[in-house]
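Scrolling down, you'll hit the structures one after another.
Note that chain A is present in both complexes that follow, paired respectively with chain B and with chain C.
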Partner chain A sequence: MSALREVLAAAALVAGKDLRIEARSRVATNHVLPFVAVVVMLFAFALDTEATTLRRAAGGLFWVTVVFAAVLVVQRGAQLEQQDGAGEALRLSGLRPAGVFLGKGAALFVELMVVEVVLAVAMVVLYDLRLGGVVLLVVTAVVATAAIAAAGAIYGPLVAGLSGRETVLPLLLLPVLAPVLLAASRAFEVALGRGVGSGWPWVGMLGMLCGIYVVLGALTSGPLLDET
Partner chain B sequence: MEPSQQRPPVVRLRGAVALLGRFPALSGVDLDVDAGEIVLVRGPNGAGKTSLLRACAGLLRVTSGTAEVLGCDLVADPGSVRPMVGLLAHATHLYDDLDAVENVRFRARAAVGGARPAGLDAEVRAALDRVGFPTRLHDVAVQRCSTGQRRRVSLAAMIVRRPRLWLLDEPHAGLDAAGRDLLDGLLVEAAAAGATVLFASHELDRAEAVAHRSVTLVGGAVHDEAST
Partner chain C sequence: MTDLPTPTHPAPVDSTGSRGSRILGAIAAGLVAATCFYAFVVTGPDSQLGETVRILYLHVPSVITAYLLVAIAAGASAFHLWKRNEFSDLLAASATEIGMVFLGVTLVTGMLWGRPTWGVYWVWDARLTTTALLFLMLVGYAVVRSLPAEPRSRATRSAVLSLVSLALVPVVSRSVEWWNSLHQGQTVLGTSDAKLDGAQLFGLFLGMVSGPVIAAWLLMHRFRVAWLAERAEELGLDAAIAARRLEAGGDAAGATS
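Showing the complex of A and B:
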């Protein structure tokens, strides 16, 4: 197999394994989705002095919620490799480290997209949102989620072996995701008819951030795997 | 098969030092193991048996001295040997939410870079049968299996990779009498087929009956060697 094929095959294997485990354990369904629902309702209680406030802030609220949910999902993804030395087996496997990184990132991407779909439905219903630029919304969601997943696939393994990782992960991950939060929120505001100008430059910025995280993750995947 | 005297040693350590933090887990190990040999590593708790096995697996860095395993220089690149060795450690290296077949299949596919070779499922089930894992439990999540059953799955996951060097840390632990007999048979078969076996055990009567020779570690160094 060529090097690229080996990377892609390893990514598919690892992503399939992680998604199968999530489908069995239902951590995302039983823990993350209820968390997201509670956050959406809390925002509604806190800001619903007038209906327009929620609609105006909806883009930012959506991505703040996604980022918090991402911390939970990333933590869970990293914990999988802590089960009974499973990460050690991954190191011994001989799989291409870049493939392991991409696979972990791909699994996070799928899990976060599921969370976002549920979150979007909840916000449309509870906040009475009217979706405008659907194409811009979808492209923004895909690119921003890929960026979050890539960053999560870097930082998850990095903190997995640390004591106090539950608090260390948000401290490391949230600042890195701040530019993603900013760009995705602005693009969503435009798509929802609340922002000014075009949303596509923000999507371009998200694409650049995603590219940086993916390249960084692939380059550091060897040492990252040793931290798993 | 008698140990080969013609080929270079599979394991060749000279003054090998490995640190756990600042503590020298191995403090100058000299050891040669030839192809087809079964070598028992014995010694008191904390003697460095586990560290020796992990160093040979490329999981614990050798910081000074020379260390060659299967032709790989472990000082320069410890990761290079990993795909060629099998490690049965204290931890089972299994994913709790996957069943036995899925765990073994994952490790088998990982050993070939993520590809899915023809006849893989049959090979996986044959490996589970070979270690005496009950067919009725093939599709049960391993978290519901007993310690001994998990140990058998772990062993199947190791042998399905067809390692050239078997590294086993207290392999009899958790197995019933039939399982121990079966394991001993597997070690002899593996050596007869040309693989090399290095294992640590406190069950000396049983282990000495299987091993060609033993080395005793004390304080992270080889204290003496003896034929068994």
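Showing the complex of A and C:
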């Protein structure tokens, strides 16, 4: 079997494992989705209940919420690998580290996409948001989520096992996600008719960031899997 | 009772200095003095930037030195992930720490320059913002280094963090073009028609030489401190093991008597 096939097979196995655990434990649905709903409400309290203000800031608010949710989801993934020697088992499984990284990233991607769909529906209903530029919205969401998932798949294993990882993870992850947040917010503003210029250069920047994180994650997954 | 080995203590070290570091320090001090002389005595205020041009003699060298140190740290980190030796890990940690200081100086001097130029200390300009983000990433690196962990594991985590920091540097440097920045464009190196006159340019280049020389001097000392700290940690471990052995030996002797 070629190396690429081995990597992809490992990725599918790990992604399947992580998604099955999430489906059975229902942490995403029982903890993260209610958290997202609370944040959507809080934004309205903090800014203005006037729909115009919320609609104007909707793109940024959407991605701030996604980034906060991502911290929770990554935290949860790191915690899972610490329980019952799961990380040790993964290390001894003989799976290709790049495949493990891609699998973890893919699972994070799926979980975050579910969060984003629910968040989008909540914002459309509560903020009276009118969706325009659907193609730009969807492509931005997919590429930005892939970038967030890739960064999360690097930083999750990196903080696993560290004392005080709950506070260290946001400190490490949020600065890395800030460029993603910026580009995705601007692209969403354009798609929602609030921004100026074209949204596609922002998507290009998101793609570049995603590429950087995927390459770095694949290259560093071996040492991280061995040592953490 | 068998004789137990006692830990050997190396000769105490009272300085991280050496002949080489003292020479380098003297050169750095001379370059700083020359830069100050050019910045405050030889050159006058700029026709466009006024007196604020003097901040650039510190701001530009500090940012270049900071990027250089981040690159050194990333190179050492990549080498560490490949060869796994202590030298590269400590070099990366030392370079990141000093880079963080230079990046802090860059941010502060940038804000001091921004106040008279833009009217505010901080604008959400792309280059400023991403430089601040890079600074925060280096702070994160320092936090991870400070957490208690097994040295090999800590070195691996730090190396990965350092590489990700380097990946952000191109985004920082190109951010002016990408995000249509308000920041002062490339004034010295980017265009053929530099806007600074000859003495100003010379002063700036003196600063750009002295920054890396100071960084090299600091790096030499910081690396030696880190190296000694590792040795002290090992010594503490050896002493603890020897103490446990002595205790065990004493218990065994007590049990047989």
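The rule is simple: the second predicted complex is superposed on the first by the 224 of 228 C-alpha atoms of A that agree within 3 Å, B and C clash if a C-alpha of one lies under 4 Å from a C-alpha of the other, contacts with A are read in each partner's own complex, and residues count from 1 in each chain.
FYI, a residue touches a chain if its C-beta (ideal position, glycine included) is under 8 Å from a C-beta of that chain, and two chains touch if they have at least 3 such contacts.
It should be emphasised that the depicted structure is a prediction, and the values quoted were computed from it without experimental measurement.
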| item | value |
| --- | --- |
| Overlay on chain A: chain C relative to chain B, clash or fit | fit |
| Which superposed partner A:85 touches (first chain B, second chain C, both, neither) | first |
| Which superposed partner A:223 touches (first chain B, second chain C, both, neither) | second |
| Partner chain in contact with A:166 - chain B first, chain C second, else both or neither | neither |
| Touching partner for A:178 - first (chain B), second (chain C), both, neither | second |
| Superposed arrangement, angle subtended at the Cα centre of chain A by chain B and chain C, nearest 10 degrees | 80 |
| Touched partner set for A:209, first chain B, second chain C, both or neither | second |
| Contacts of A:128 with chain B and chain C, given as first, second, both or neither | neither |
| Superposition-derived minimum Cα distance between chain C and chain B (Å) | 5 |
| Touching both chain C and chain B, counted on chain A across the two superposed complexes | 226 |
| Footprint of chain A on chain B - complex, ascending | 57-59, 79, 82-83, 85-87, 89-98, 102, 106-107, 109-111, 113-115, 141, 157 |
| Of chain A, residues touching chain C in the complex | 154, 158, 161-164, 168, 171-172, 175-176, 178-179, 182, 201, 205, 209, 212-213, 216, 220, 223-224, 226-228 |
| Complex contacts: residues of chain A adjacent to chain B | 1, 6, 8-14, 17, 20-21, 24-25, 80, 83-86, 88-96, 99, 222, 226 |
| Sites on chain C touched by chain A in the complex | 81, 129-130, 133-134, 136-137, 139-140, 143-144, 147-149, 152-153, 156-157, 159-161, 163-164, 167-168, 171, 178-179 |
